[in-house]
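Labels for the chains are A, B, C, D, E and F, by order of writing; each one numbers its residues from 1.
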Amino acid sequence: MRTWLPYPLLSTGLFVMWLLLNQSVAPGSILLGLVLSAVLAWVTLKLQPARSNLHRLGRAFGLAVHVVGDIIRSNIAVTGIILRSRRRPANAGFLTIDLDLDDENALALLACIVTATPGTAWLEYDRRLKTVLIHVLDIENEALWRRTVKGYEAQLKEIFQ
Amino acid sequence: MIEWLQHLLVLPILVPLAVAAVLIPIDERKRTLKGAIGFASTLVVFVVTMILVRLAAGGSPGTGVYQLGNWPAPFGIVLVLDRLSALMLCLASGLALAAQVYSMARWHTAGHHFHSLFQLLVAGLNGAFLTGDLFNLFVFFEMMLAASYGLLLHCSGPVRVKAGLHYIAINLAASALFLIGVSLIYGVTGTLNMADLATKLATLAPENRNFVEAGAAILGVAFLVKAGMWPLSFWLPTAYAAATPPVAAAFAILTKVGIYIIIRLHLLVFGAAAGASTGFGQDWLVAGGMLTIAYGAIGVLASQAMGRLAGYSVLVSSGTLLAALGLGHQGMLAGALFYLVSSTLTIAAFFLLIELVERGRDAGADVLAVTMEAYGDFDEDEEEEEVGVAIPGTMAVLGLCFCLCAVLLSGLPPLSGFIAKFALLHGLFDGSKADLAAATSPADWTYVLLIILSGLAAMIAMNRIGIRTFWASIEGTIPRVVVVEIAPVLVLLGACVFLSLQAGPAMRYMQATADDLLSPLVHSERVLSAPRTGGN
Amino acid sequence: MSHLTDLPPWAAIAVCALLLLGAATTLIGSLGLLRLSDFYERLHAPTIATSGGTILICLASILCFAVLQGRWVFHELLIIFFVTVTTPVTLMLLGQAALYRDRFEERQDVPRKPRPALDEE
Amino acid sequence: MELVLSTGIGVLTASGVYLLLRPRTYQVIIGLSLLSFAVNLFIFGMGRLRVNAPPLLEPGGVGDLVRYTDPVPQALVLTAIVIGFAMTALFLVVLLASRGFTGTDHVDGREQRGD
Amino acid sequence: MLSVFILAPFAGSLIAIFFPSDQRGATAWFAGAIALVCFLVTAGLYPIVASGNVLRYQLEWIPELGLNFTLRMDGFAWLFCALITAIGVLVVLYARYYMAEEDPVPRFFALFLAFMGSMLGVVLSGNLILLAVFWELTSIVSFLLIGYWHHNAHARDGARIALTMTGMGGLTMLVGLVIIGRIVGSYDLDAVLASGDAIRNHPLYVTVLVLILLGALTKSAQFPFHFWLPHAMAAPTPVSAYLHSATMVKAGVFLLARLWPVMAGTEAWFWLVGLAGLTTLLLGAYFAIFQQDLKGLLAYSTISHLGLITVLLSLGSPLAAVAAVFHIVNHATFKASLFMAAGIIDHETGTRDMRRLSGLFQFMPITATLAMVASAAMAGVPLLNGFLSKEMFFAEAIETHLVNPLDTATPYVATIASMFAVTYSLRFIHSVFYGPTPTDLPRKPHEPPRWMRAPIDFLVLACLVVGIIPAQTIGPFLHTAVISILGDATPDYSLAVWHGLNIPLIMSFVALSGGVGLYFLMRSYLATGIEGPPVFRLLEGQRIFERVLVTLSWKWARSLEQQLGTRRLQPQMRLLVFLALVAGASPLLIRGFTLPPLVIRGIDPAFALLWAVGIACAVGSAVMAKFHRLASLVLLGGAGLVTCITFVWLSAPDLAVTQLLVEIVTTVLILLGLRWLPKRIAGPETAEDIPLRTRARRLRDFLLAIIAGGGLMLISYTVMTRPLPETVADYFLARAYQEGGGTNVVNVILVDFRGFDTLGEIAVLCIVALTVFALLLRFRPQADSLETPEQQRVQNAFDDDHPDRTAGDSVAEYLFVPSVIMRWMFPVTGMLAAFLFLRGHDLPGGGFAAGIAMSIGFILQYMSGGTRWVEERLRIHPLRWMSIGLLIAVATGAGSWLFGYPFLTSRAEYATLPIIGKVPLASASLFDLGVFSLVLGATVLMLIALAHQSVRAPRAHARATRPEKEAAE
Amino acid sequence: MIELAIIWSVLLAQSMLALAMAFALYRIARGPRAQDRILGLDTLYVNAMLLLLSFGIRTANTVYFETALIIAVIGFASSIALAKFLMRGEVIE
């Protein structure tokens, strides 16, 4: 199985992407999608991206909902900060958070989530110390941000173990 | 025409293209193989173009229009073979063959992918000569130019790169003009086919005609850059002198592409059928051409190195042709074509000769040092494969070749350079016996004067440089020249001699070509009414 | 060929609302580029466009075409997904570049590079 | 629309031409790029401007210029874009090589007074 | 039969080259035999010519232009033939002994024969243009003969001057001959000779005359073109004896005589030819007196005698023409023998300097006697041939031909010149053969070998015989020649020694006695040994010529080249832009052009705003390109993005996709290059610091740019607001699906209707990729860009400073998260590329877009992992992809040949497969696959080649500096 | 009425997006530092993508979607290259 389909999740993702792109579930389209996603995954194998053991894929949905919620919330928050008058400049600052995620992919996902969420930006991860430097636009809720990031981390750990 | 013969028309483009593709992945160390394949391809192209010349000379109606993709003109792209394009094809592939052979002695080892680039240059040239579509012309023009950039930079080195930078920058700007011109013409006339354009021009509304003329004028500037008209030609002597000899020899035809297209535009599109636009731009050609002759002649005189001398000779040749075209004496056209062939062959031979001659001199040692440095870059193939044997009496042969070049360049008898000048003069004084004086305008006289002076300048300069090289420097070591290097020079010069001996038939062909060119509507009709393969 | 005016009123209103909202969000995000005073603060501005703006406008698009063409394939989701995944990469790199530069220029308001414990001893 | 686009073409051209006349190789390459944008838009404009009439036929359809915009300039622009891209790459490498050999980024390979 | 005259010498010449260089005798025998054969043939033809027939031989050459290989022998040509071949035989014999052992004789004789052939060609040409051909051939061959001893600087200079003068004359003469031919309607000599009135009365007569005279007078060394001849004396003496006395210099007067019937007799002729002749006659003789070099004296004497012949021809009287022809022959005889004698003296004594020579009579009495007789002929002493023609000249000089000062001056000039001739002849004899025994001669003189002297014996004998019994010897031949020129106008004349006591005889007496007196008067001056005549010495012809030539052809030419041209790029670009503006504007301005109405309505504010952004990007990019390169690049990207949106807005989704993708790759490419450019930090860009000239130049460029932009804006606005003409697009729209098999018309145009464009376009890409690759293989970065960039150095230093870190940790760290995402994006890009490729024929996309998209996938990997990392994992063969791509494209196109259709004819079929159903199989898709492969390969190759410099250059740098370091240690 | 509302709201949305692009441009042009410019370009790209999507809605045509998709999938390549150049002085090491 591994030799033929080295990255099942990737292949699945590519297949879905193909179907979405073509907006078609015709047999030809499906077959081509299957072939392409298998071949591309096989080529990707040469680049040897880190493989992750995914356990509870179901939890991913929960994470997604969580993230979307956070994004909406922080969108509103940051919009507010921007629209505030200049007399009250943003209260921004850096934040170092200890992490205990090992999986590269999980870390990458975490970085994406943190950065994609307005108001927080992933800056620098130190592999030895396992710490990450984050910039937040609203440093007053420092504890909240730590909690949020640790919350994502926990959920990711559940998926990637 | 036999049906399969029809496909011959596209071979001068496709064969080099395919061969270039085949050559790309072959290891650079297998140079002999690459050279052999390249040679075979160029030879095939040459043979094909010879056949095409015969076909064109036969000139049975309905032949010589090749509808690519089986789409008729003016919709699809068509290749058009007539006497002029056949002549140019043959000339180009003949030069290419000579340069190809020459390069196999040593120059093709001086950098990577020489043969692929060379084949692509041949394909581009042939495409430019064959196509009957303005935008397709742009594409082949770019192909030819791109290959020429690559070949000019072949072997690298500061001189070539500096010259290349200017050459490329100017030609890129000129290409932008080309595009502006072509699209403007399309925007007003809705066609890209030259033959179609020729028929449409006469009936075009005046407010649109302005724009066609503006477009054509902008196009013209782009071609005149390539043709080397003063003051658009300052890059040319430097670039040509910097190029490696086989490349410079192949470049001898590049300026003629510019001329070729000017001829086409001038006589087909703005020919007798163009209504109010007939003869558009003629005065510019005359003035520009004459200034080019003058500038070229001055440059020839001022040149210390043979390379620059040859470069300026290219300008003289271009100027002579442009002005001849602009003066509008129909009788001069055949002579101009003859001149085109003769001067191209001569200059190409001269470019090939220069390096051989200079090899023996101290200045030449630098050139060789560059070559050697080029070898050094890939350590593993130091082994220098000498093709053929060194010939005795090298200096005598080189001297003879130089003399022939000098005679040809200065238009001295009895070779083709003289015949060409005579033919031009003969055509120039074409008034009837009595009103000869009235029919000869001040511009004509200026042209005559310039022809004399440019010949004189070439004679003085070649004389000076030849004496310095062959007579004054006995101490110089005798250059090591191999047969494959001198043979192409001899063949090119031999072609000039042959052209001189067979000047009668050659002139008949040129006359027929000129007659073709002077009847643009026949040409258009032939292109536009050619039937599609397989009906409808 | 269909036209936007073929939409039923409810859908039209929803689409327009989503579109306007998305555009407004994006505009505010870009305004952030103008108004925020510090580079690290400005780093947050584009994410409003990539998250809020993109999601809203993609929703508008999904709704629009779903109603117009009666199909339920949401290829706009791909845009949301990829924007979310790719934009952070640039931002991370930019942030690190700024960090490096500030440290190099020894600006005081930037945290130093964390030293491993071993180094400090 | 025509006014806006032609103004854009004009400004792109002017910027490109101005840079083309500058002494630094980098200025020239940026100028060539700007000029090629201008030229591409010019070619494109020669097919006239139409909103929402892309030359994509209905399957089995027969098109005409009433319903669809002129596809020919578009095809020409595509070719021009590709060639322009290739030439930019080439010019870039040549200017690098020139800088490597001459030590300067002046277009003439040596500094001139007063540039 | 006539072709022998041309064929034999030239064939002989070709053969002679291949003689071994030590075979002096054999080569000479061979050359002599050829010359003799020619002479015998000439002799054999005499009866035919003498009976008034004209021999003709014609070979077609270029009948279209009226240029045929026509040979024509009448009496005049015969006389010249006889002269050329007879003296040729003698000179060969002489040269056999004259040439030294070490001289490469085969070359000499080969050139000699070639010259003889050319000269025969000149006199035998029956076609004006053919005459010009041989005319220039004599110039060329004489150039090589004069420069025979090219190790000698004098020989080189002499040869060059001779060629320059005579060559120039030949070029102008050609024009004259062409005009004559066009006036007459034929270049055939017979036709021309029959059209005298047409030529003389033609408005272009004077022009023609001047042009032809330029040829004739330069060739015959007439004033003011005379100065080349003395310098040609650097040639071996046989050459001088042959070319510069008997043959080549006679070509000019030959031509004058040949065209005499059709051109002479007008006032212009009289003035131009006469003035040149008289001046030459006098000055040549005067200069000859003051020469110290034997050959120099003979050269000026020759000039003078040619002047005499010219004067005779100028007079326009038939009798004068007879005298001219007669003198041509006489002069050839005595001058050739004198040259040979001078050569013997030179040969035997080792010098030709009259200051060193003296008293040679005692050593070589026979030679001395011969030389004295010949000199006497030259001086015009009675009973010698020179006397006869000179008497005829005097007789003509006192006649009145036209009433003008020139005609009046002729007798006086003639007498004075004759006096000078006596003086220099006397000087020649007296200073060489008499006087004290020479002391410092390089060799001890004695008589030459018997056969070396034989030609002189023969020629001097001829002088005597003709001088004593002219009517019985030269008479008939002269008559034949004269009749062929003058025809019915041939006057009665008598060839006799004694015509009674008349004015000419008195003039001769004055000249003889005056000359002798002058010599003795001038002896003291001549003894000072000063070279050259007084006063004139200061403005010596050759030096003036040299200076003029150097000034014109070298100094002026070089400064003009610099004035008229430039080697700098900016002025060239400026000219190009300027001319393009002029070219584009002039048709519009000349033909009138109405401004289109300004349409503001209907402008989409969003679109306008978009273009406000685009315009700001363009201007910003231009402004920042000098000091903020990165900003400029970013702004360029902005302009590209606006262009892309414009394409979408205006119904060109294909263009938008391509533009966008190309934009991305271009940005990466330029960034890759930016690393190798020198740092440029904003300098003193305040207005005061910039020199005024620079500011003026910038203003000019700015104006030029504004005009260019404004022009293009105006043109595009005008055209865009006009209705679309009937275009070929209708055809494409109608057939794209039915016959092209695709709904995306743009794509169908690209791969089918105009697929050939695409083939060319990918070939361009291929060429550029190969060029970039080849050039970068030789890339040598400047030292300051060789070092790793500052950022990397700092970061590496940080790594080095910390014992727990290894080099490269910093980069690994900060790329840690991004690279994970970039790696996963690789298959996504692949999917996108596949999608773009497959839909291309029906919807926006296609091979090109797919190829670029895929290449961006590769770039991402290179950026995230670095060159080595990627290449350890992925084996990339861009060259192969390119090759395969191009081959697929060509092969697909050629596939249609199998069905008998032209190249690139597409075939669209639907194959029905189980389960999947109908699958479109268009050959155009295969073509597009080739495009994809090539584009991918080419783009990747360019990017990788650039990227490799970062790996390669430091390595090469290290390799290059290693030996230096080792040496230092 | 509703048509007018649709037209005007789409127009308004597009104008807002174009204005957003202008803001991003301001950042590109003004800097002050290189990273600000690149950030501006990144924003410009996203705004352009949204403008394209809105154009798709306005014309009710899906053919413009691919351009937006390309920006979403590989548009970041150029800003990454710029960012990397800033960080390391070199795009590809």
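Observations, loosely collected:
Note that in this section a contact is a pair of C-beta atoms (placed from the backbone, for glycine too) under 8 Å apart; a residue touches a chain by one contact, two chains touch by 3 or more.
The structure presented is a predicted model; accordingly, all values stated were derived computationally and were not measured.
Each step here moves to a touching chain, and the least such steps from chain B to chain E number 1.
Using the contact threshold fixed earlier, the set of chains in contact with both chain A and chain D is E.
Remark: among chain pairs A-C and D-E, D-E carries the greater number of C-beta contacts.
Chain centres here are means of the Cα atoms, and by that rule the chain farthest away from chain E is A.
In terms of their C-alpha centroids, the spacing between chain B and chain D amounts to 28 Å. Chain centres here are Cα averages; for chain C and chain E they lie 68 Å apart.
One finds 73 Å separating the Cα centroids of chain A and chain E. We define each chain's centre as the mean of its Cα atoms; on that basis chain B and chain C are separated by 57 Å. In chain D, the residues touching two or more other chains are 20, 25, 42, 45-47, 51-52, 54, 56, 72, 79, 83, 86-87, 90, 94-95, 97, 101, 107-108. Shown for chain C are the residues in touch with two or more other chains, namely 29, 31, 43, 45, 50, 75, 78, 82, 85-89, 91-93, 96, 100, 113, 116. Residues of chain E in contact with at least two other chains: 567, 569, 573, 577, 604, 607, 633, 649, 653, 674, 712, 719-720, 724, 727-729, 732, 754, 757, 761, 764, 767-768, 771, 775, 778, 791, 795, 804, 814, 817-818, 821-822, 825, 828, 832, 843-844, 946.
In summary, the structure contains touching chain pairs A-C, A-E, B-D, B-E, C-E, C-F, D-E, D-F, E-F. Chain E contributes residues 567-570, 573-574, 577, 598-600, 602-604, 607-608, 611, 614-615, 618-619, 621-622, 625-626, 629, 632-633, 636, 639-640, 642-643, 646-647, 649-655, 658-659, 662, 665-666, 669-670, 673-674, 676-678, 680, 691, 693-694, 697, 701-702, 704-706, 708-710, 712-714, 716-717, 719-721, 723-724, 727-730, 732-734, 736-738, 743-746, 749-750, 754, 757-758, 761-762, 764-765, 767-769, 771-772, 775-776, 778-782, 785, 842-844, 848, 935, 938, 942, 946 to its touches with chain D in the complex. Those residues of chain F whose C-beta lies close enough to touch chain E in the complex are 11, 14-15, 17-19, 21-22, 25, 28-29, 31, 34, 37-38, 40-41, 44-45, 48, 51-52, 55, 63-64, 66-67, 69-71, 73-75, 77-78, 80-82, 84-93. Residues of chain A that touch chain E in their complex: 10, 14, 17-18, 21-22, 26-28, 31-32, 36-37, 40-41, 43-44, 46-50, 104-105, 107-108, 111-112, 122, 124-128. Here chain D touches chain B in the complex through residues 20, 25, 28, 32, 35-36, 39, 42-43, 45-47, 72-73, 76, 79-80, 83, 86-87, 90-91, 94-95, 97-98, 101-102, 107-109, going by the rule given at the top.
The residues of chain D lying in touch with chain E in their complex are 1-27, 29-31, 33-34, 37-38, 40-42, 44-65, 68-72, 74-75, 77-79, 81-90, 92-97, 99-101, 103-105, 107-108, 112, 114-115.
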